[in-house]
Each structure stands twice: as structure tokens, then as C-alpha cells.
């Protein structure tokens, strides 16, 4: 048997629905159709009345999820593409994010954001939005990079008492495969050492973990041992694990698919530099997407985002500093 | 479309109507006196930030609060002191929130009209207009999913809020799900300084009901009896499976947008018109005229209300201010997931 | 409310109607053939990303394009190949955008239906549904501010897009400003897989017009003659100061949401119903029946259209792919304000 | 004569309206009423038909501004409070921000965001949102800290061919005063040395410049000479001036009123560390607001945001490293 990242997301929802009567799924086309990406395939049939099609009303969808959560439910909301969550931005950041702090009442919603670039998807079907949601207080932001994490973190997202923005990467949906679903997982907020190495540390998350691993392969052939960390969640962000790795390697490269101004890579460098400055043997570096909308044409897109090739190049540069 | 017309009642009906009317009037009075107190505390520099009153909207607001029962949900907006009280919000909650007492429901974290207790069905508004409606939807949807098909959800918005995308998405969603939503639109002729002519172009906001496929009614917001009847009927229809109900009330905001605003832009013609009547005075005159209460009684109620308000204020003024060094500054219910930011 | 009823015409009117009908048909045919070509290129793996067709919506769409003049503004949506062509979009623009040619209007930066040339009044849509309407408003408002009181602005949305907050805010704003906006709603029974029963609860989407205080009309979207008449009249009313016009057309999407979608969820009853008629076939039959054109003529037109499409595709396929190393990766018109990110 | 920061904003709009027929002002209550903060006082009377009241429709307001800009106008949009720009988020970041890059047609809109905390304003009338807008490509984000900049940068915002998010700080509206309006200014994208010093550099922007200056006063009394930089715009961000200052002082403290995850302070540290690591004699530090919604009560608010006192404390700490 082989399970894809997308299967894992489907299975996690099936499991959550089966185990917890408080769970329901709400989103455009998630019902009989099974969702634009088939992440809810058959769920409406398996769990009648608990997987509901929503109108094209992202703001009201999230508002409804908040209400349901206050009333004791555990809604999972699928936004058809992460990019469309701008239309729900206010409810996510100002209503859900502030709920517990203002009222003392938890607001356990899970907002699934099919995120990230895929070939030919263009400016409005390719965005990664973790930096926006992580900036606002009150939200947990998950960015699973593996089939196992897609499964266990989504279950965890539903279980925890806070609003979770679950950034699942569309590029990983079909290609990434595992043999089986995990029965245990790292706790939320813990980064994973995806590959050990002693010469430098690459911190990545979501699809970029795989570009980093491929770069590490390439560099291994050149005799360089790269440690690759997978952040798993960007808020909370596991500074300790990052610092411990940098303490071993002395060199840090942060890789993100998002735009270069602000975001995860800046946040990691700021933390490591202010708290672990002396661990660094060289200036910390980062690699992000270009500061333009995400281009449609594959040729442009391939250069817009970091890839194994550019990660390897940035690594070589870092090693030379 | 249902209009607030007075029909002929039997004697026992009259007596119930009278009782409810008097109860409503007393909540209105209490709300007005509470509002006046906040205005005076504001002028005295005792309140941080703004003060937003419901002056002139008490008849409508109280009708919503009174038409609801325990187990119902209410998401009031800026001008709903009367409805809140009638729904069961303690005066202390209002005073503590305005004065920033850590003992209040918002623990000094949020203020003024941004207060509530979700566990008791009273939702604390966020500022973004239109945002509360879909949250009420969600509660009603959740109940349906849990198999509890009772309880209505009421929420209020102003004429200005009908222009928000949030309003539109939420009422449409409620219509699609046929939720027991009571949506009260207080058309008080202005959104801050903006007259309705710059806000919408339909004849009446109730014309929107048809476009959502929900029931719509209109009511004279200055007439307590009419408000109680129209809002009451709409609530009943929602309760009985009639789906979302939109009630549009016409009235005039008899104060500034907030107490910082002298409302100099309000058309004097409007003030002199039927819409400009003070619903509290109209209700008082109605009671006196019908001999439902005498002037002495009303004065007693007034004194009682003033006593309650003064006592609450005195109590809260003795309460300690919040101590920032006792805050844990953690936004999450999952304490273990809170990050300690070194530079925050 | 205006309905698309056929009235009695004089002989010269008939001849103009015939001419316009034939012209419209030829654009529809060209659009269909262009769409079919995109579908086949998609199946052949020659197109990056999705392909979105207007199959079954050509009669409505072409009526919009033809009712507009130079100087008008058009913000088409996903299914408007016919309207675009009739408005003047070169076939090459469509092909270049789909195939990602750097010579196209979007220079391979954006693709498929996200194309246009703002300078010629053809606005390139963003994906977020409902977002184009207010932009058309802004153009019309700007013209008024500049003292140019001519030109209408047309835009199309689907049944699903009517649920967005953006739709609501924009049409309300247009109504308040009484802008010459033509808002076409193609109610094609589905938003992706979602049937209208899960999208809205009003009887017809045209019932929303009243709630905004704008004129509304309905039309049979499978009938080219009716579409031309109803859309034409609405455009004329907008042009003559009648304010925003909402036209709701009923039809069925005769394809998947995109070419990746087999539309297995479409109710077979609907396909067999009047709504399920193919407007292109209906129009062809109407022409033949009325002896406005013979089968040979139609075949010539088809051949001509196929020739145009094949030629455009052949041309674009010879064009170079974009070279990422020639991009300056600067998002700003003010080049001096672009930042060079070291790690980007 | 004495001119406040708010006067400067009003005067800049008056001047723009007077000088350029393409300019108009659109926003809730900006007409006869003169705006919630009186930033457009008398403008409707002075410029009939060019200062228009909008319905409570932030998304449509920005959409309309975009359309008007394409049609050759120079709209200035007032969002009543920055916090409500979440309702216009999609049009700002996805439509305006991407316009020029996608189409080659400029989209010169100015979005005025009355920003930042003031006493008693609470979670939804206090936000500073520069990090969100700076993250997206295609937007210029200005954060004036002085009366002079409020004036000249707003004129510049209207003049440049790109969408500008103009973050004006409400706390500065009435208190900050100048003798006259400036006739010249630094170009957009240039930071200003607000105070020279050689012992450490504080980088701040908007209201925090004044907290930093007050802290610098306090530290001067202790014999420490603090250099204070006012970024003026956070995108573009003047890395060169920051690096030059750090080259002189060797120490960097970044102060922002926004939330701690991501944002301006992280971006500056990331840039300085990756490009000017060797300039630093001590770990770069930052000071931001707490990671919770902005509290209502003045006691809580005073601790939630950085103040002269906490900036001074962070400075002392930095100097001891």
C-alpha cells in the first residue's frame, strides 16, 4: 500500500469524523464532489450530514466555523485555494485569533489552506500565506512537509483548543508517498531533523523541505554534510531545535517559498541572531521567492521559487563565507 | 411582508400586553439611565476610549432582548444596551467593561460595547461591522448538527452595516441553511455622519429580504408596542421553522455616533419628524394615556434604575485596575503552544 | 422588470436583426472552436494549468460583447470567450495567454482566462470571484469625475459569485452612485459542483435587483435572439442614465468547471431540459429555419473560424518561451523603489 | 503657527487636490463631515465633488480606487481605521499589488491607514499592519514619524505610479507639532538619522521613533550615545543607511509596535545579519508588542507596546552584551 500526502489529509479527516462527533467539514464542493482536490472524497457518503457544501462566501464560512466552535463543535474548513483566504482574512485574524484572549472561551477551528505553487497555477492559485497568519496573535500555523505529518498534524489541529491555520502544500498532494499512516508523531511545535549533518543547517518547511533535502543530496556528493530541519509548524516555531542545530554546524540557511519581505526566514534569522549570535560561524543566509506575484509560465515559476539547485548554490555560497 | 399593525385584543391579552410593555419600558429606562451615566463618566474623563449610546433605539433593542429566551443566542451591536439588559446581561458587566475592571467579562482586555459571555449565549462583538451574523449562523448550524433543533439566534446591525460584504455572505448562508436567524436592521438614518442616501439606493432595506429569499418585515422603531409585536412575531416564525427573519426598523439615532460626536450633521427636519420621536417618551406617554402606570410609578422606576446604576458604578470604581504584570500575555488556550518572545 | 419578449418588427428592422444575429453567431462559432482547440491542447498536455470553457454560454456572452462600443469597458469572467472576441480581443491574445507566450498581453506572467488589456477597456480578471465589479465601478466613477459622461461598463459573474461579499459591496456602490454598470449574471445552475440550491435561497437571482435599487431583467440564456435583445436593452438603459442594470440569464454549463472536471454531478434531468440546450445549435437552427443562412454558409464560417484558430495556434507555437533570466523581477512601476533581495 | 501631524495630512491632501486634477478622496465620512479624525476637514467644501463619502464597503472602495487609477486618476482612500483594511485586504494585495506586474499598467492608489495604538482603543482600533502589506509584492508601504514626513510623504505617495499603503499613526495626530510645512524631503526609500550617536543604533519607524528618541535622551543622561534611525518607509526599506549606522555603532536594536512574529524588526535583523554580519559587535536585538491582541485598558496597553522605558531597558541590556 502506498499513501499520498493527499490521502493522508483525507484519512485524517475521516478519522477525526469517525472518532469525534464534534467534527464536521465545511467548504466549497467538499460534499458529494469530494473537494476540488478530492481531499474529502467519499467523506460525505461515509458521514452523512457532516460534510457540507458551502456557498462562495469565505468570510461567512469562517464566521460560521467560529460560531460552531463556540458551541462546542470542531469544524474543519476547507478554503478551496489558500489564496482565497484573503476573503476570510478578517474573520480568521480578528475574530478567531482574538477569541480566546478576549473571552476566555476557546475557538477550536481548523482552516485548511491548500497552499503553494504548482506549475501553471499563476498569481492567485499558488500563494503560501503562513507569514500573514503567524504575524497575528492567537493562531497556530502548521506547515506539514511529509505524508506522516499531513496526517498526524491535521488530527492534532482538530484536537487542540485553538484556531489552527493548516497550510497543506498542493505540490506534495500526489507525488509524496508513504507506506503507512503513522501512529505517533512529534508534538506540535517541535521541529524535526529531516537529515543530520555537521557542516551547515538548512531550515525549511512545507515543500521546501524536499528542495532542501535534494540540495543536501547534491552537496553530499561534494563531501558536504548538510543538516536539514523541517519546522513542521511555523507558529509556534521551534527555536530550540534550530539553535541546537546551528550550535552543531555554525552555519544557517533559511529557505521559504513565500515572498522575501518578512516571513518565516526573517523570523528564524532574527531569533537565532538575537539569542544565539555566538553560535554562528558565518552570516546566516536566506532564500525566498522573488518579490513579484507568482508567475504562470513554468519557466518563470521555476526561477521564482527556490529549488534544489538554488538551495545548493546558496549553500555553497554560505559554506564559502 | 408583515407590518406592525395593532389589532383587537381580548381583556386577558390586554393585560399580558400591558405587563410586557411595562417590563419593556423599565428595561428601556434602565438602559437610558445607564447610557446617560456612561456619557457623564465620559465627560468626566473616567472612561478610556469612546462611549457609544443607544439613545432612541431602546424600543427596538428591548424588543429583541425580550423576544428571546434562555438558550437563545444574542449578538448585540453598538446601540443595544436595552436589549442586552432584557436578555440578561448584568449591569455590572456593562460598567466593568466600560471602566476596564479586570473583574468584568472582558477583563479589561476589551472595552465598551465589545462585551459578552459566549457561554450564556451573549456574543461579544468585534468592531468589524457585519462580522457577528455569520458567527450566530455557526451556533445555529452547530445545534442542528447536534440534533438540537431549538433556540433562535438574534443579531442587530445598522443601516451602514448592510453595505458590508460580511452582512451579505452571512444572511445568504443563513437563507441557504434556513437557520432560525433573527436579523434586526436598525435604520437610524445615519452611519456615523453618512446619510442613507450615500449608503444604499433601494426604497427600503427590507427590499433586500426578497433577494435572499428570507421573510422581511418593517416596523416603526419609535413605537415600543409595534416593535414588540413585529419583532416578537418574527422571532416566533424563526422559532417555528420559518427560516431567517429580517426586521427593518425606522428610527433616528438621538445622539452622536459616539459621545465625542455632536451629530451636527443630522438634518433638523428629521429630528422634527415622526422618526425623531424619543421612543422612551412615546412609550411613557402611551402608558400614562392608557392608565397602565401613573407618573408616580414611573418616577419610582426611574429612581430604582438610577439607584441600580449608581450602585454598580460605585462598586466598580472600588475595584482594582488590571495589573499588567499579572498578565501571562498568552493568546492561546493551549498554554504549551504559547511562544515566549524574547523581545516582546 | 424587463423580459426578453419578441416583438413585431418592420422589414428593415428584420434585416438589421438578421445581420446582427449572423455576426453574433459567427463570434459564437469562433469562440466555440477556439475553446475546443484549448480543450484539445489541454488533453495533449500543451497547456500549463487549467482550461476553462464557455461552452453553452456563448449566446449570452456574445450579446454583452456586441452591445458594447469602443470606449466602453468590459471585465469578462471565466466563460466569456465569445464576448471577448465580439468586444475586440484578438484571438492571438487568448492563445498567447493560454500557451504562455511572452508576446501575449500577460507576457506569460498570468495565464488562461486571466487576460486583458486595460488600456483598451478589457480588464484582466483576478481569480477572486466578485472582485472585478468594483473595479469597473471605479473606471465609471473616474469618468464622471473627469466630466466624461459616456461609456458603460459591463462585467459578468456566475451564480456562485453572487454569494461573495465583493459582489454585494460593488453592486451596492454602483447603485448609490447610479453608475452605468451592466452586471450580467450567468446562472448556469452550478458553481463548480455546487448546485444553486446550496448557493442561494431566493426564487431567482434577479430578485436581488430590487434590494439594491437597480433595474433587473431575466433572459433565456440558450436563446441568442432573446439575449441580444435583453442585454442590448439593458445596455441602452445604462447608457441613457438608467443606472446599474442587472441581467440574469438561465442556462446550463455544457462542460466541466474546467477541462479536468467531467461534470459527472450535473443532473441528467437538467441536461435534457430546456436549459440544457446548446445555444450554438439553437442559434444555427434558428438561422436555417428563417433562411438567414444556408448550411453551406455555416460550413464556410466554421471552416474560416477553424482556419483562424489553427493559424493563431501555429503562430504562437513558433514563439519563444519566456526567458526567466531576462525578467527584472520588479513588481513596481517605479523601478527605483524596487528592492534587490539578496536571498530572492 | 504650529502644525500638527494631522494638519499635515490634511494639508497634503489639500495641496494634492489643488495641484492635480486627477486626485480625489474617497472614504467613509470624509466628505462634509471631514472624516472620523478630521483629516479631510473642509476639503469637500474646498474641492466640490472631489471628496466623496463611501458606503461601509472597504473591498468595493479599494476596487473602485483601482478602477479609477487605471482610468488615469490618483485616488486617495481613507480607511476609517487601519484595522478595517482587513475587509479590503484582497483588493489591496491581490488586485492593486499585482496590477502593474501582470498588465504593465500602473495602479497609483494611495490607501491611508490611520494606524497604531492609542489609549483605550482596544483590539480592533489599534493595529499596525505594515508587515502584512510589505510582505506582498507590488506595494510601497510608508510609515511617517514626523509632521514633515506626514506631509511630504503623502504628497509623494500620490505622485508615485504605484499603490502606496500609507500608515499614519493616530497617536501622533494631535501631539506632534512642527512650525511649518517642509518644502523638500528625503526621497522615498531613504531612512533618516533622527539622532546621531556612536554607541548603538536603534532602528524604529512611525510612533516608535519617538519612544526611541525619548529612550535615547534617558540614555544620554547615563553617558550613552544612541543613534536613532527613522525608517520612514518599511518597503522599500533602506538597508544601506541601517548598515552604515551599524558599521559605526556595532550594536543594533530594532523597535516596532507590531506583533513580534515576523514584521519589520525581523526583516531588518535578517538583512543586517546576512549582509553585514561582521559589522555587529553584539547580538542584534528587537523589541515589539506582546503577542496578544492589543488591550483596551491603558495599564495593559502601556505594557503591551514598547515604550521609552522598555526601549531604554533593552538598550542597556544590548550595551551589556
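Order of writing sets the chain letters: A, B, C and D. Residues in each chain are counted from 1.
Everything below uses one rule, namely that a contact is a pair of C-beta atoms (placed from the backbone, for glycine too) under 8 Å apart; a residue touches a chain by one contact, two chains touch by 3 or more.
None of the values given here were measured: they were computed from a predicted structure.
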item	value
Mutual neighbours - chains that touch chain A and chain C alike	B, D
Greatest separation from chain C - chain, by CA centre	B
Centroid spacing, where centroids are CA-atom means, of chain A and chain D in whole angstrom	30
Centroid spacing, where centroids are CA-atom means, of chain A and chain B in whole angstrom	41
Between chain B and chain C, centroid-to-centroid distance (C-alpha), Å	44
Multi-chain contact sites of chain A, meaning residues that touch two or more partners	54-55, 57, 59, 83, 86-87, 90, 94, 97-98, 101-102, 123-124, 137-138, 235, 237, 259, 261, 265, 274-275, 285-286, 290-293
Residue list for chain C, restricted to those that touch at least two other chains	106, 109-110, 114, 126, 128, 163-166, 169, 172-173, 176, 198-200, 330-331, 338-339, 343
Arrangement of touching chains [line / ring / star / complete / other]	complete
Touch list for chain A against partner chain C, complex	28-29, 31-33, 36, 53-57, 59, 81, 83-84, 86-87, 119-125, 259-261, 265, 285-293, 295-300, 302-304, 314
Contact set on chain A toward chain D in their complex	83, 86-87, 89-90, 93-94, 97-98, 101-102, 123-124, 131-132, 134-138, 235, 237, 258-259, 261-267, 269-270, 273-278, 280, 282-286, 290-293
Complex contact set, residues of chain C against chain A	47-50, 100, 106, 108-112, 114, 126-129, 160-161, 163-166, 191-194, 198-200, 265, 321-325, 327, 329-331, 338-339, 341, 343-344
Contact set on chain D toward chain C in their complex	24, 49-50, 54-55, 57-73, 75, 90-91, 94-95, 97-98, 100-106, 108, 137-138, 140, 160-162, 188-189, 235-237, 271, 274-275
Chain C residues touching chain B - in the complex, by the definition given at the top	163-169, 172-173, 175-176, 178, 197-203, 207-214, 243
